[in-house]
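Scrolling down, you'll hit the structures one after another.
Across the two complexes that follow, subunit A remains constant while its partner is subunit B and subsequently subunit C.
On to the complex of A and B.
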């Protein structure tokens, strides 16, 4: 396990930003636009620049989905003169990219995106270009927001086995564990900056369980230390058998890091350590929700829950698993059009309205029903998993509190006559 | 429609992410981006009815832009009006045909163009009709209005491969005589084909009309057609009543085949809007059996 003091994290970022397009979670900023001073920009992933204010404590307001699936993507240009039409495809440029500090929920949402864009018939050219060239650095959570409910959706907030690198927050330090070849290659660029602790790291110890409460940095550190100790024992045993120097025991550098970590563990007053965390406020039982929904298409629940919906589309905009897009025109001149695809929202009335006026989902009831069935049933049938990762963004942003956690609770409480 | 799925909340991660060196930059366009249209030329425009025209579209190299199976779709675009999905009604070596009714901004713009107009064309999309399933069987085609367009591709295929299929029966209707599409086929070509019956109806009586008057959904029952494989297409309300009538007449749900329409943008099952339940019409459809539709939410 490799670690670095939190105060030194910028050196890692600076080093990774050279070979990669490095995206980091950046705190919301206050605008200076005259007349709009004080309005907050959302915290989100931005391309690394020195001095950008990092957003480490909780997840970003906007998900990183736009880095694999941009909000607007220019596809091709059409030039038309009289009866002639010329189509010029836009190049897709993509430099190797690191998304640094993604939370477990958003790592899971990328799995959802993989299923949509890389499975089932056609592959999406844009996504297929970006995805294999994107290295995911997952960051474990040590605290949660009031709106988080990832553990209810089967997500472990402190471990993302599918990420390329797992970063664990150990209080004063971050540990880095490579989990894929791409992750190892990325970490090689910063190897000189990291200190070594021999051990399997906390992610290995935690990956088999979904905790009801988050482990504190101190608990994580204890696990890390005990793993390091186990590893030392086994490597000592190995070396007595083989007398090989390959399985080297603790180096003096790692030793001192261990000691320093142990000191920190005892230092409860350390200002950098987050407080031990409470259980998540929102808990829902998502077991069996798909099976129950199979018989709920005509349920009166949908007549009730759509009533407050404003159709604003905020839920789909912030949702990390919402993938719907529109293809439309950006008119550059009377002869030239840029064809682009943009995020769309199933909550809008013209989303399904056909030429001639027929609309299979004409009112909010059908649209709200389709959205929740899509998250909790249709994608399970189509792509093999629920398309909610419990990030809580729709809980935080829905202006009328019509969010998925409450809806799951209402579904589970609904009475259904078996068909 | 299979409704069986993995019960595990955290299933295995997919292995579809292409294996490649992530440290290799990518520049330039991919050779086969399914969302990019090819340049096409509208080489011929045939007026079918006051609001339906058939457009023959040839690729830039003088051959047909793609080779669809009967029932498959193509995405036609006309700048600056946009792009929409149409069924391919016929094809030969040099072009594909699309019969298009003027209902919205793109289709009205198409009706205003002249022969020689260039356009964008991509496809084919969708599953098409189940030719293997239909092979050797008697087929009944039931269509209303512009719903004749997708069905015609299969009728033409059956006529061209006449010995591969049993008796062919066409039941077709429109609001008026003027609204009947493909009159050449209905009144001249198909009546001459061996073992093929054509039944045409219009909604209201008209001067000079000697044929049947009445709506399409009730006509098969009046004709006392024996249950066999049937292919149904038309406006949503016609499909609904036709399926009810066929069920009453004893047609089996797995032998009643229909084509659905939904708003589409991508055509490749990604953009989300053409779903009926967990099926995407552009990819899993547009052809479904009544048995499949019965397992899907009634939202079309």
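On to the complex of A and C.
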């Protein structure tokens, strides 16, 4: 296990910002406006610059999806030269990118995006260019917003197995664990800054590892498994020392490895076990919700829940798994236009409006129904998983509190007559 | 009409009276829909309630998080197919209003968006709301409230806890603290401030869709021919959106604060409204928008003695 004191985190960021485009969670700029003090404004991932105010305590207002799927993607420029036109493609930079400090829920949402943009026989050029050169540094959650309900959606706020590096909050220090080859490579750049305690064997002896031996994902999996086996032994041996978080249902095998390793190294690091996540305020049961929805397209539930919706795009723009877009032109001069691909929202009335004026989703009932069926049914059928990761952003941001947690509860409680 | 006043001594009593009135209206079939508030998923969240049947009236509440200006729902936003008021096939709609909400209702009636006879207005003396992110402080918009007692109602639930009159009388915009702060910035700093604001906007249009004064059947930003504003998110298109929106509500904005509350990025959306409101206050000697039926919004009428400084 490699750790660094929280106060030293900037040295890591500074070092990573050299070889990588480094994006970090940054607090918004309007916290000083009178009457808005203490309100978290527009926190989001921004390119690292020294001195930017970090936003560490909870998740960012805007999800990091913008960095893989930008709100506005400049695709190409069309220049007319009299009777001919010239098309200038926009290049996407190839410098590798690190998204530092992403929460478990948003890591899961990137899995959703991968399924949309890379699977099912269609590969999106823009997404495909960015995704493989993006290294994800996941950060475990100790506190959370009142609106978070990731644990109800099968997400573990303490660990993200699909991230490249898992950062765990140990109190005064952060620990870094590489989970992929890309993660190992990135950590190698900051190795000199990290205190290195890689793990402990059953005997309690420290395992050491030279940073330049890079492991394949398969090898890493094996290490994780053997560490998990170690942790059973060592936490049994150290049961008096071991913190309760090792037993918490939220902790995965990987976490208990950390706990056990940390406990064994207790005399070397100060606060040693990852802090557990506070219990969530919102809990829902999402089991079987897709199956139930299969027979609910015409259910009267939709007549009721759509009523307060304002048809704005807040819920879909803040949602890390919403992926809809629209392609249009931006006129630059009388001879030049840019083709751009912009986020769109199924909650807007013009989203389904046809050129002739017909709209197959004529009222907000159909639009609200589409949004929730898309999250909870269609994507399950198409991509094999629910497209809600419980980040709670729609709970926090919808102006009329029309949010998915309550909708899931209502679906579960609805009476359905089988068709 | 200001017919009836019912006295309620505290929030619990207000809620009790709300439910009684609602139940009665539905039972005697005077209305077929009541727009009110219900509790949301968290203690600091309330939500609009659409009450159709007497067995739903116990959902109704009134607390310090009932921000929602329900008058917007009379229009059935955003594309008006589900317009509630003025639908000839249905009974009246009853609506609960706070002081600020009642003003936008007058505005909608003055703008011929809804007919007074088609709505039954239940006023509530507003004690002032709290900020969602800090439930111990008074909501910012309530600091400059002109009237905590609705300016129009059929029945009023009055309460001793209501907010006192605005000490600035009808010149409320002058009390907007943040305006002074922005105006005192050196130009470069002020420019950077607005750039930052426009950059942070994600153009979700929540601030437009929630606004009871934005009552156009088709908003200019939704038109494609001509395409007034590009779909792309960039500082200049975003800034254009904000300036146009502020101009379109100028003189009619009732300071209900819904635009700013609804912004998912928590941007100070009301600043531009306040600036225009202040300019209108300073230029014209008229009451703020929609305080009564006798005066239409300042920029909606012309008087020979209006100042014409630019001519």
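Convention: the second predicted complex is superposed on the first by the 323 of 419 C-alpha atoms of A that agree within 3 Å, B and C clash if a C-alpha of one lies under 4 Å from a C-alpha of the other, contacts with A are read in each partner's own complex, and residues count from 1 in each chain.
Heads up, the rule we're going with is that contacts are C-beta pairs under 8 Å (C-beta built on N, C-alpha and C of every residue); 3 or more make two chains touch, one makes a residue touch a chain.
In this text, all values refer to a predicted model and were calculated from it rather than measured experimentally.
Peer 1: When the two structures are laid over each other on subunit A, do subunit B and subunit C clash or fit?
Peer 2: With subunit A aligned, subunit B clears subunit C, so fit.
Peer 1: Please determine whether it is subunit B or subunit C that touches the greater number of subunit A residues.
Peer 2: It is B that touches the greater number of subunit A residues.
Peer 1: Return first, second, both or neither, reflecting whether A:295 touches subunit B, subunit C, both chains, or no partner chain.
Peer 2: neither
Peer 1: In the superposed arrangement, does A:49 touch subunit B (first), subunit C (second), both or neither?
Peer 2: neither
Peer 1: For the overlay on chain A, what angle lies at subunit A between subunit B and subunit C, C-alpha centres, nearest 10°?
Peer 2: So the C-alpha centres give an angle of 80 degrees.
Peer 1: So, A:57: does it touch subunit B (first), subunit C (second), both, or neither?
Peer 2: neither
Peer 1: For A:76 in the superposed arrangement: first (subunit B), second (subunit C), both or neither?
Peer 2: first
Peer 1: Identify the partner contact of A:84: answer first if only subunit B is touched, second if only subunit C is, both if each is, neither if none is.
Peer 2: Once the two structures are laid over each other on A, A:84 reaches subunit B alone.
Peer 1: Going by the contact rule set out at the top, does A:283 touch subunit B (first), subunit C (second), both, or neither?
Peer 2: A:283: touches no partner chain.
Peer 1: Please indicate which partner A:326 is in contact with in the superposed arrangement: first for subunit B, second for subunit C, both, or neither.
Peer 2: So A:326 meets both subunit B and subunit C here.
Peer 1: So after superposition, what is the minimum Cα distance from subunit B to subunit C, given in Å?
Peer 2: Here the least C-alpha separation of subunit B and subunit C stands at 8 Å.
Peer 1: Subunit A residues touched by both subunit B and subunit C?
Peer 2: 326, 328, 344
Peer 1: For subunit B, which residues count as touching subunit A in their complex?
Peer 2: Residues 3, 5-6, 9-11, 13-14, 16-20, 22-30, 32-39, 77, 79-80, 82-84, 103-107, 113-114, 116-120, 236, 261-263, 265-266, 268-279, 283, 297-300 of subunit B touch subunit A in their complex.
Peer 1: Under the touch definition given earlier, write down the residues of subunit C that touch subunit A in their complex.
Peer 2: Going by the criterion above, the answer is residues 40-42, 44-48, 50, 68, 72-73, 77-79, 81-82, 131, 133-134, 140, 143, 177-178, 181, 196-197, 200, 202-206, 208-210, 222, 224, 230-234, 258, 261-262, 264-268.
Peer 1: Over in the complex, which subunit A residues touch subunit C? Could you list them?
Peer 2: Residue list for subunit A touching subunit C: 28-30, 33-36, 38-42, 61-62, 71-72, 146-147, 281-282, 304, 307-308, 310-314, 317-318, 326, 328, 330, 340, 342-345, 348-350, 362-365, 393, 395-397, 399-403, 405-406.
Peer 1: Can you list the residues on subunit A that touch subunit B in the complex?
Peer 2: 19, 75-76, 78, 80, 83-87, 89-96, 111, 114-125, 128-129, 131-135, 153-154, 162, 182, 185, 286-287, 290, 294, 297, 323-329, 331, 334, 337, 341, 344, 346, 351-356, 358, 360-361, 366, 370, 373-374, 377-382, 384-386
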